[in-house]
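Consider the two complexes below, in which chain A is the common component and chain B and chain C are the respective partners.
Moving on to the complex of A and B:
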């Protein structure tokens, strides 16, 4: 079946952290962070589907969005299709923050200096008449714009050269990021809210085409029809608005929109969570068909374990901002290693009433700790059924325990050292 | 949409008739006397005769019916005759006559309308032009220093009454600095550049006083509406599509945010016609607001009745326009 070693890594995430700052008190001081994603590492090979599961609020969606740089990640490296999207090099990040600050000051300085100059020239009557004044004001504005545009890259070059950081190691700025966007797309959870209510289907699907390609109107329309055929939408619906569709149809629009620019990598952020069960299978099958047809790579985020078992090649389990286990699908479902994975899998409903009643379920006690104040040591130590002393002291390392199976748990560190 | 509009227009007729009755009853019950401002030496029986000559001795029902006939039949026919040059009937129709000036109320309103539309209308447009960008930037950079200052200024504009800001502006810019005249001269005619500058100078203070008030109101709406939309999922979709921030904010977010703001703006238009009574007084603009207040002071019931009723018509009309606009702008709303 799926052989990881033969495949090219399309996505490679290392130590990704996404913290949301908390400001409290009278002076809105930075007093802490919500550690939504706290040091996550995984690879996705070309053409595979990586399932990302976990309970609500464990950071799955945040992780998916951060990978696509819909957020500015706090730390970590994200490489998609050979391009670094975040900060592999800490030094580069420091320089970039500096450059932002200097750039902002330089822009203000240029503007204020220019304005002062124009006022001084006007006051001393060296600048008279309407046209010279208009030209001078325009010149100040143009200069300000140029400074704001160029200051960053100039600082990158100068500071980078002195610190030994090459220009490629800087994360792409907004412009560069937009040019990379076509390779990576996202299918969103809520198909109602994620479509602009004032745009027709053709506008929604066609907007990225007009932004990122120079197709003529005719070619654009053909491509829109092609995409609608591909996801099974009637072409006659092109001029309708999103609210006129059912949930399943809306999600098809969302998928067609994501496919518009021939992406290689698609993050599916709980694409079926908001749909009826009868529609879920349709949408998942559509995603699978598109994968075989177009050779897509998916990061499939879901809390529906049976659906993930159906679609994913490998599965990563997240708990409180960290990946606790990452393994090939069959291995994970048959022999879960991490205690949290075991508990999660034992919660899957069983259709057979006899085995449902007899099932030996692992019931976790207590609540998930706050991501702004995770426990010391292992994140799961407060609820783990097989907790040990060391779990309260040291955060277990995320390591490969057997071929392709990664676990972050002290239970497996012991077996390794013992065996 | 058309049937909806027609249905609403038909429904507006009984509404407006009822409003006119209410206005009439309130004015009738009010203890105002058109002869009160006459010299005290006039004997009571002469006063009674004056009142009788104004038609005040008739029963209330007759007076109301007469006003209805004058306003809804005679005045429109007169207007039609003026516009088309045709004549209907013998042309001998009584019009709604002002008790102060003895001239038809509709003619006075036609005289006063341009001043009000110029001053108050310009201030409304200026207010919108200031408010929309401020609201957009405030929402986009929420809690930034720009937003904080914007919030503070709009709170000021909202809470400080125009009779204070108006007088303050006059004290600063007319008395202290002497930049602008404190009185708006409605007889001024713009013929060339120099007279245009004069017009600009005299209009700038009333426009800024009213514009500040309008802008602070609308910019709050704009900001709130933008904030609602900025957190929507479709904005993230637009970013994921790789749209520039400008497109995301100005096309996706602003267009959706304008829906409620446009209706608020439409609902505010009757106020423009109503004139800003206080501001017109402060800057001596003899517009509709000033006409209304003088009419109230001298117990000129026909003028007050007619003006108030026209404002009511405008309010009903612009409510309808706001509803129709909502349907036009938001594809989710259908009236069929």
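Moving on to the complex of A and C:
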């Protein structure tokens, strides 16, 4: 909708796959995968809101969580604010898996060797008395810990050098990830479930502060009050517990927690789905105000198309783990390209009963195929009203059909090749 | 909601006060818990301060008073050797309460540790739970016999006869009674781990150890409290059983369990010799149960204020 080339890409996701393995049988063998997110690519520009819509179970939430590395993605590259969070380089992934294995063996080997050494020294009476033995045992534990900590980076350097993979191309480990966490935060769907019932509001909002800053108690409290003002919570509520609040207030607490570290990117995982309609508008307006005020970038996951139309700058439509269409908001709502998008938009209720009844609706037949066994060819070919032969054969490529409009559909591949 | 303007700036905001005050406020509303706390404090005073007010030695033999009922000289009577039962109750209570509390603490610590680690770290779940099963399957008495045979003399020589046995008994009771707590805690942790607030903490970047202390442990407090209060009773009874078998404290060393067992032979002539220690054990256990009940309610903010 605005000039994309001028904007900085804050988030860039390429070929993200998130598979959940299925183990069956007596031996728990790996027999398949639930392909919750299956090769998703999108960019989010600084300061914009990307809406991510789709029916339940299509992988929206999984996608949002994988982008924040709350799950370990199977494949793909995630770059947030210039930092790679997953695996841009397949080779790096392979080396990392090796490093995991070798590191595990090395840790065990170090531990067993050390233990054997201590026992041998003890048995030959070279170690006598309580203190030398305690020190020896501690030394073994420290050595084991060091091996487990350092083996990975040593292997990265050695193997990386021989395979031509630089150290930066490896996904961050837990510690490095922890340092990146403040730039990206999440607002959760169910405000009741996402707040610890045993913590006060001040503790909940203050948790990110105590994890990532060295503020003293008083500074922390001031920042907590500031955040509470920002999201419109009375400061007197600081000492209360989540169960004492209404849904909308709880969601405000969740938002304040997400804002605590001044993040640049926030994933809103259906933040309004669990709220009353009257409260939904309040929360969405709050999110919008915060965006203009703080220059936030949102990935707004929702199944409420009207709300997405209200808040998003661009919209991505997901179906069965894949993005089928990605377009600027107005273009998408006025002229949907993909048959699934058309069906989805025609399901939006009309406020006017006459036009509601007369609307020419696209009603999809059948059910969504199982994500563990998606159909051959296009994922949507089993339900598509304008299905062609080729759709059963070849998975359509996700491509740009006109400026800023991406569609994965053979209908548009044809026009593209014909024209 | 946004009535910030109405708030008088000068009156200031109530600073978050220590949560333990809320816990105490709620605890006070639980009558049973208050009675329990009162009785438990009374019991502690009885066994620790009592000997100063009633200075007869627990092992002093007044042979003329043997098998006597209650009198001014011996308010709770005397045993078959003429030792004063009141003094023996005080001395015995000291050991019994100490054994009960420490053994419970040990078994709880072990059980909670194993349960939390097994529930939280998927890789350790299998090994730790099989270890728990192993301990549950161990025949208790032969195990106790072996442990006591192996360690009694070394402990006695290092820590003295009474402290040595005390450590041994606490240790033995602790490591043979942590399994139930571990299983309960593991189950709760498994359920908690899937809650969204744990995911939220993960997105903040909370490392595992603080995740456990901040989000998991406070939420598994209730089952821990329940097994703690039941554990004290269990420990006192096990201690007396051990002493009865000759594996515990020496036979002239009074504990409540010991007094109870010694009294059983004289049940028909001197029933009060069984009644007093029995009453002390059951009332102490009951009071601890009530305290635990009140504490569990007070620690849950959803129940607080009702």
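In this text, the second predicted complex is superposed on the first by the 418 of 419 C-alpha atoms of A that agree within 3 Å, B and C clash if a C-alpha of one lies under 4 Å from a C-alpha of the other, contacts with A are read in each partner's own complex, and residues count from 1 in each chain.
Keep in mind that, in the parts below, a residue touches a chain if its C-beta (ideal position, glycine included) is under 8 Å from a C-beta of that chain, and two chains touch if they have at least 3 such contacts.
If you're wondering where the values come from, they're calculated on a predicted model, not measured in any experiment.
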Checklist entry - For the three-chain model obtained by superposing on chain A, do chain B and chain C clash or fit? => result clash
Next on the checklist: So in the superposed three-chain picture, is A:202 touching just chain B, just chain C, both, or none of them (first/second/both/neither)?
Outcome noted: second
Item to check | Partner chain(s) touched by A:399 [first = chain B, second = chain C, both, neither] | outcome: neither
Checklist entry - Does the superposition put A:249 against chain B (first), chain C (second), both, or neither? => result second
Next on the checklist: Just to be sure I read the superposition right, which of the two partners does A:68 touch: chain B = first, chain C = second, or both, or neither?
Outcome noted: both
Next on the checklist: Taking the superposition on A as described, I'd like to know which of chain B and chain C A:376 touches: first, second, both or neither.
Outcome noted: neither
Checklist entry - Counting only touches as set out at the top, which of chain B and chain C does A:241 meet: first, second, both, neither? => result both
Checklist entry - More residues of chain A are touched by which partner: chain B or chain C? => result C
Next on the checklist: Contact-wise, after the overlay, does A:104 reach chain B, chain C, both or neither (first, second, both, neither)?
Outcome noted: neither
Item to check | Residues of chain A contacting chain B in one complex and chain C in the other | outcome: 65, 68, 70, 174, 177-179, 181-182, 185-186, 188-190, 193-198, 207-208, 211-212, 241, 243, 254, 257
Item to check | Of chain B, residues touching chain A in the complex | outcome: 232-234, 236-245, 247, 252, 255-256, 329-332
Item to check | Residue ranges of chain A touching chain C (in the complex, touch as defined) | outcome: 65, 68, 70, 174, 177-179, 181-182, 184-186, 188-190, 193-200, 202-203, 207-208, 211-212, 221, 225, 229, 232-236, 238-239, 241, 243, 248-249, 254, 257
Checklist entry - Within the complex, which stretch of chain A touches chain B? => result 65, 68, 70, 174, 177-179, 181-182, 185-186, 188-190, 193-198, 207-208, 211-212, 241, 243, 254, 257, 261
Item to check | For the chain C and chain A complex, residues of the former touching the latter | outcome: 1-4, 7, 13-17, 19, 195-197, 199-207, 210, 214-215, 218-219, 221, 299-302, 304
